[in-house]
Each structure stands twice: as C-alpha cells, then as structure tokens.
Amino acid sequence: MLRALIDALFSKADTVQYPYGPVSLPEGFRGAIEFIPERCTGCGLCVRDCPANGLELIRESREDFQLWYYPARCAYCGQCQLTCPRGAISHTNDMVLPTTDPEGLAVLLKTGHKNSNKKQ
Amino acid sequence: MFEGLFYLFVFPGLAFQVFCGLAFEWVDRKLLARFQRRVGPQWYQPLADLIKLFSKEDLLPTGASGWVATILPLISLAAVLTAGLYIPVAGFTPFSFEGDLIVIVFLMGIPTLAYYLAGMTSVGIYSILGGARSLLQYFSYEVPLLLAFSGPAILSGSWSVAEILKSQAELGPFILFQPVGFCLAIAGLIGKLKRDPLDIPKAKSEVVAGSLTEFSGGKLAFWHLTMDIQAIVGIFLLINLFFGMPLGISPWINTLIFSGEVLLVIFILSASSSIFARLRIDQLASLGWRILVPVGIIQLLFVILMGV
Amino acid sequence: MTKNIIPIGPQHPLLKEPISVNIEVSGEDVLGGSLRIGYVHRGIERLAQERTYVQNVHLIERICGICSHVHTTTFCYAVEDLLGVEIPPRAQYIRALMCELERIHSHLLWIGILAKHIGLDMVFMHSWHNREIVLDIMEALSGGRVSHAANLIGGVRFDMDAEHESMVRRKLQKLGDQLFGVLDAIRTDPTIRARTIGVAPITADQIREYSVVGPVARASGVAVDMRRDSPLPPYDKLDFNVITYPEGDAWARTMVRVDETRESLKLCESILDQMPEGPVTTRVRRKVPAGETVIRAEAPRGEVFYYLRSDGSEFPARLKIRTPTLAALSLIPVQLSEIRVADIPVVLAGIDLCIACADR
Amino acid sequence: MFEKMLNRTYRWAQKNSLWVLPFNTGGCNGCDIEILDLLTPRYDVERMGILAEASPRHADVLLCTGPVTYQTRDAIWQIYSQMPSPKWVVAVGSCGATGGVFTGSDTVLGGVDKVLPVDLYIPGCPVRPEAIIAGLIKLQEKIVKGAENG
C-alpha cells in the first residue's frame, strides 16, 4: 500500500483538463444527433424503433408531416441511426448540453409540406 | 493591554489559528488528492466551504435541544483556541507557566466531550451512535497519548511546553530518545482528531457523519473550524514536545524550521490515513489497551531510567 | 442494553441505490435485520411486453448500468434461439469480449466500493482509476461508456478492425501492469485482512439453500459458473479457471473477485487471439415465431436467467428475468447477526448489491 | 452596501463549494456510477469544490438520477425537505428529466420535476461525466446570477 502511495505521489495526476480546458470526447461517442433533411422521406421507421419516444412523427397526410426530436427523452442508443434506410439521422460526438427546460430542447427535424428544415 | 489583545486575537490567538487551521485543511486535502492521483482542491476551498456553511439555513430536527446544540461547538472552539494560546509557535510564546501542558491536554479533551454531547442531544440514531463511539474511542487513545506526552515532560523535568522546548535546544530533539513515544503520540493524535483510520465516530459508511449528521449551517461551520484548529493545535504541540528547534538564532530560521516540521507531521497524518483501513471499535480498544498502553508504559520506564 | 433500530436507506452513503435495511442493534452488536426492496421497481418485464423486440434490446440494457451488456446478450441469444438463427462466430466472440471487459469493470468497481466502505479511499481511487481504462476500451469499441448498445438481434453493432484490436491489446497490457500492483497490495494489506477475515461467513449449505450464485457462491466453495456449466457459444471453446475459495467469509469474497479480474484479463487476450474473421450480423425477421426458451449466462454477479415466450408477433408475450442479486439479497438478514455495526458495510458490499438488477 | 458585499461573498462561497448528495430515484445505476466517477482521479470534481456528502443536512445540491418510481417518491421528498436552503435539484439523465425509456410503465411516475422543483436537467443516457461537470458549472453560473438579481 505504501508503494502505491509513493508511486502516486511522484506521478502526474490523471485528471482531464475539462472544465478548465477544452473538452475532449472520444470519436465513437454517441451524443447529439445530426440530421440531413434532404434524405428524410418521413417513413417513420425511426419513430417505430425508438425505445424512448424520443422521436415523434405528426402526420397529416403522406406529404404533410412533422418530425420532432426530444433530446431529453432520448436514450442515445443509436437505434434510429441503424434503422434509417437512407442514413438521414446519425449521432455525432457532441455532448448534449444541460438545460433548465427539457421541453425547450425539442427540435423540429423536418416538416414535410414545406420541405424545409426549420429549427426551433 | 493592547499587547494582550493582540496576542489573544491576532497572534498566536484567533486569527493566526483560524488561518493555520484552514491552511492545514487545504494541505491535508491536497496531499490526500495527490496520493490518490488527483489534482485536489483550490487554495481557497476551506474558506469557501466555511463561508458557504455560514450562509446556509440552520435547521434543527424536532426534539433536539436548540441552545445546547448552539453552545457546544462554541465551547469546543473556545477550548481549542485557548489551548492554542499556550503552545509556543516557532519558539514564541506570550503566555507560559509551569504545568501548562496539563491544561492543554485537558482543554483538548473538551471537544471530544462536546462531540459526545452533541450526538446525545440530537434525536437521530446515527448521532447517538456516533456520540457513543466518540466516547469509547476517547478511552482507547487518551491514555497512550498521555503516556506519550509525559515522556518529554519527565525527560526535561518540567510540565511547561516552553521549558520542554528549551531543554530540547540543549539535549537535542526528544524524538531521538523516544521514537516509540512519537509513534504513540501520532496514533493518539489521529484518534483525537477522528481522522482516518480512527474516524470511527464519523465513519461515513456506518454512521453517516456521526454526531454532526443533524447539524447544518453555522453550527456545522463552527464544528468544522473546531476540528481544523484542533488538528493544528495538536500538531503544534507534538512538534514542541518531540522535535524542538535551536532557539535564539533568528526568528526567521525558527519559523522556517517550524513550518517544515509542521508539513512533515501533516504528511505523516495524511499518509497514514491513506494507507490504513478504518479499524473496528473493538479492534481499536484492543489495540489501545493491549499494545499501545504497555508500550507507552515501557517507554516511560525507559525515560525514567534514562533520567536517573 | 437497550435495543435500537438503525434504518439504513433509502438514502444512505452506504447504498448507491435505494433499499431499506432496518438493523436491530444493541450498542455495537448487531442482533438482526430486515430488508425491504422494490424502490427501483420499474416494471421492466411488463414494459417489455408493450415494446417490440428491437426496442426491448435497449430497454433491457437499462435494467442495470453496471452489467448492461450481459443482459442484452442473454436477451439477444434468447430471441435468436426462438428465431432459429445462429449469429456469425465473430459476433459471438465480440459479445464475449464485451462480457469479459464488463466483468473486469464490475469487479474493479466492487473492489473500489468495498475499499471505500472500510475507509480505504486510496484503493477506491486507484481501482476506479484503472477501471477507466476498461471503460475507454468499451467506449472506443461500441460508443458508450456504460450503456454500450453493442448488441442487436442477429449480431453485434460494430466490427473490430486491426487498429481496434491492437488498441485493445495495448490498453489491456497497460491495465494489467497497473492493476497487478494494486491487487497484490489488496491481498497483503493487513488492515483489509483485519476487517474482512472471518466476517459474516456463509457456508456452502446456506449457498445451496438460498440458491445464491456467482462470486458469493464461489467464495464459499460452490463452483457454479454459467460460462462452464451452460456455456453460450464462444465460452465452450475458451479455456479458463473457475475461481473458488473455501472460506466463505468477506475475505474470500474479495479474493474471488481479485482473482477473477486477472482471469478475465487472460480470457480477453485469448478471445482476441481466437477471434475468427467474417461478418458480424445476420439478417433476421422482426416477427418472432411462437415458442418459449430459457437462456442462462454468467453476469459479473452470477447467473442471469431469461425466460422468453413469444406468440408470433413483434412483441414478446412474456419475459421473465432472474438476476443474481435477488438471490444474494435474501442472505443479508441471515448474515446480519453476531457481527458488529462496523461490519455492516462489509456484509452489504460483500454480496455486490445491484438493486437495479434485483428490482428491475 | 455592506449587505450587498456580504451577499456577493456568500454567492461566491456557495458557487465554489457545492456539496452534492446523489440519490438514485429509481434509475438503472448507469448515471450513479458516472456520478461516483466524478470523484475519481479522471474527473476529480474536488477541483471545483464539489464534494459528495453523506447527510442531507450538509448538502446543497440533490443529484437525482433516474425516473421517480412510486416507491421512491416519498423518500426523495423527505430528503429534499431535510436539506437546508439555499438548495438546488439537478435531474441527471434522460430518465431524470422526462422518464426516458421507462415512460409508460405502471410503476414509474415520470421525471424528477413531477415531485421536486428542478433547477437543471442534464440529458444523456447515461450522462457522460463531462456533461455532469458542464451541468454543475451551469448551476454555478446560475447561483452567481442569483446574486445580481437580488
């Protein structure tokens, strides 16, 4: 035990720089999602496979839909990325930042009829 | 008159001791962190903790006695501050008289008693258990500690800390004559300060925070301050009794030696709290009475024979 | 002397998860105790019936944050059994590799917790510091530190390339170097020995009576290990020792975990050596044919048991999970007698509480 | 003037000395071990003055992990009421924020905000230690801002 103590005393601390330095997240980490609206067809497969209701599809008709994403419900499991046949949705290695309002994090990923990607 | 107030409130009294207590806490925590390969707290951490505790709401559980809970930390703080007044700092002592070592030992026992009472006045089971444990522990470490303290006193033929310090300047540090006594004193001090591995009365995984479980706000802050100052007073006493220093050269050199010795003792305390697991209370009692006390008596006999 | 009740939990520094143990004490002597669980009951078995098999993989992963991988592995093997598919051998080996990494991480976590409970913070820190290396490996492979989402029905999510493999080997080597010093120190440290030897012994008969599994059983000399007794695919081709200690006390429970950590490190190396080439997934249907199956696997804490019944739809008809901690929990009231108050942490830590597993 | 300075000192001290009390309200352990991980060498939050405290009466921040089950609902409220003010509640993880994966279960009430006033939500499943640190920094900023408002 004494040897471990002396070893530790004369070795550098293994503490990460963050928060006093830049944050370094590993490459494969599943963080916030990235969405490519052009690829999305609104098929809803991601919504069906999401285990945590993190995605919501509000569909009026085939062309007229809204795809919502709720980071505060998301389980960050990567199932949507795996399911999407057209690769529209994927995880980046950015950390989702803490918030004072979980519903305020909700992101409108795509509205079908306008074919635009408005983010709120 | 003015001088007396200065001694009381600035040096070596209140302000100096509070400063040293906080500095001790920081050095201790930083060392522990280094042993654990961590960075450790910032330099202002103990101060921030203290101020924050004062800013918090002061809650008392229903059934606990309010004024007793308030007065106990104050009494123990006053006791350790008074004890600190009689201990020479780097050879400087304004108040010294024959027999002050006994007064110091007596005053240093008051926080333990107050801790016990604090546990008993709270209604929580953890507090009661912690209080009872602190008293049990007191009986185990106090006798070896007293035996260890009487060694230097007998060797120098005086019960005054200043006299003991003076005779060490002539004879050489007493740790050379009584290394066993020094180890006993360290063990006793760890017990007195309720530090790991003898933090039985406030063991986190058993009794949450011991007697202090139900305390919050300012009262807790006073308790923390008491613990810190008690630690620094204990360390000062240990240094004066066992290390000593060449007196009368220059106050600056004395200060330097003194600080070095303080850091050494803090290092020993931190290291021993890192490498030992907490003992059970029955193990502590058998360690105290079966090993430490006989060893203390033998070393005392040795000292007496040496004196003859 | 008067009797007192120490209520431990639902919030107590001793417990990372809420359970409630009422311990009857007289002074420092423990007379007995009673246990209440169910705080973390999230109804996962019921919830699983309302979700598809694909969603269930991720739900099952969240039964427990420490042994998340072995739960999904067992579930996936159960579903694949019903589907009648066999996943490619490479996927089996990757699953086993993750299982072993998880065992190392869980045992290191446990050693740290025990050390923290007996007031040895330095060992806690060093053990958890080494555990970070395992987490790094698992994150680099799968993308998650704790919930890896490595499994999917019909294979695994990720493949390892040569770069990954050399990275894993390098880090395991580093882990081994750092770890052996700490583990040896734990074995020889006098204060740990003083606190654990002879504390709360469990006899082999009690183990059988209470159906306790895993390291707790092995520490009492009962050699049960699902990796050997009912092996899932890659384990029948792998060679490893089942560690047993005869004493049955807290010391033996510590040593079983210490030795198993080393054994798992070796096992990881041999898995990497034997790793076959090939694909890592097969295509499977979403609807599972009707039938029922039982799969058992060795989690870090012992045997996990999955019973799965399907009625031919996308949703399971019944999923029953038996976790190792639930059996070990029933031993707590038995152990809580003729010990000291200071031994309570050692007893509670000794069986490696995972309430999230037990309550589900 | 003096009061303002005292207030500012208090806020500074509160910011730099957050004692947290982690409590698992029914989660899966994942976030709990990540919180415990914060104390260990890799993330060492003692740099920021954050300590894990054992007693609710010493704590400033209640870190709730996991969805609130019906069983823990009373316990979490009891712990919160024992904490001396000023006190803050942080919901760690997606489960703590909204119920996450367990939404719809018969035994799960939902996010922590169903029971306690939550100051901060940290999404993630499980939350990375970096994200918890980011959350605690955000909480510190919130505390300092509180001084300016009054």
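Note that the chains take the letters A, B, C and D in the order they are written out, and that residue 1 is the start of every chain.
The rule is short, and it goes like this: a residue touches a chain if its C-beta (ideal position, glycine included) is under 8 Å from a C-beta of that chain, and two chains touch if they have at least 3 such contacts.
All values derive from a computational prediction rather than experimental measurement.
*Asks:* Using the mean of all protein Cα atoms as the middle point, what chain has its own Cα mean nearest that point?
*Replies:* D
*Asks:* Of the chain pairs B-D and A-C, which one is connected by the greater count of C-beta contacts?
*Replies:* Pair with more contacting C-beta pairs, B-D versus A-C: B-D.
*Asks:* For chain B and chain D, let me know how many angstrom lie between their CA-based centres, rounded off.
*Replies:* One centre to the other, that is 34 Å.
*Asks:* When the C-alpha atoms of chain C and chain D are each averaged to a single point, how far apart are the two points in Å?
*Replies:* For chain C versus chain D, the centre distance works out to 27 Å.
*Asks:* Taking the mean of the C-alpha atoms as each chain's centre, how many Å separate chain B from chain C?
*Replies:* Distance between chain centres, rounded to whole Å: 44 Å.
*Asks:* For chain A, jot down the residues that touch at least 2 other chains.
*Replies:* Residues 1, 5, 8, 13-15, 29, 51-52, 75-77 of chain A each touch two or more of the other chains.
*Asks:* Where in chain C do residues touch two or more other chains at once?
*Replies:* Within chain C, the residues that touch at least two other chains are 12-13, 58-59, 62, 122, 125-126, 129, 132, 147, 189.
*Asks:* Using the touch definition from the top, which residues of chain B touch two or more other chains?
*Replies:* Correct list: 33, 35-39, 204, 208, 274-275.
*Asks:* With chains as vertices joined when they touch, what's the shape: line, ring, star, complete or other?
*Replies:* complete
*Asks:* Provide the residue numbers of chain D that touch chain A in the complex, in ascending order.
*Replies:* Touching chain A from chain D are residues 41-44, 47-48, 94, 97-101, 103-104, 111, 113, 119-125, 128, 130-131, 133-135, 137-138, 142.
*Asks:* Using the touch rule from the top, collect the residues of chain D that touch chain C in their complex.
*Replies:* 21-34, 36-37, 40-42, 54, 56, 66-67, 69, 71-72, 75, 79, 95, 101-102, 104-108, 125-126, 128
*Asks:* Note which residues of chain B are touching chain C in the complex, please.
*Replies:* For this pair, the touching residues of chain B are 32, 35-38, 125-126, 128-129, 132-133, 196-197, 199-200, 203-208, 274-283.
*Asks:* What does chain D use to touch chain B in their complex?
*Replies:* Touching chain B from chain D are residues 9-10, 12-14, 16-17, 40-41, 44, 46-47, 49, 54-55, 57-58, 60, 82, 84-86.
*Asks:* Which stretch or stretches of chain B touch chain A in the complex?
*Replies:* 33-39, 271, 274-275
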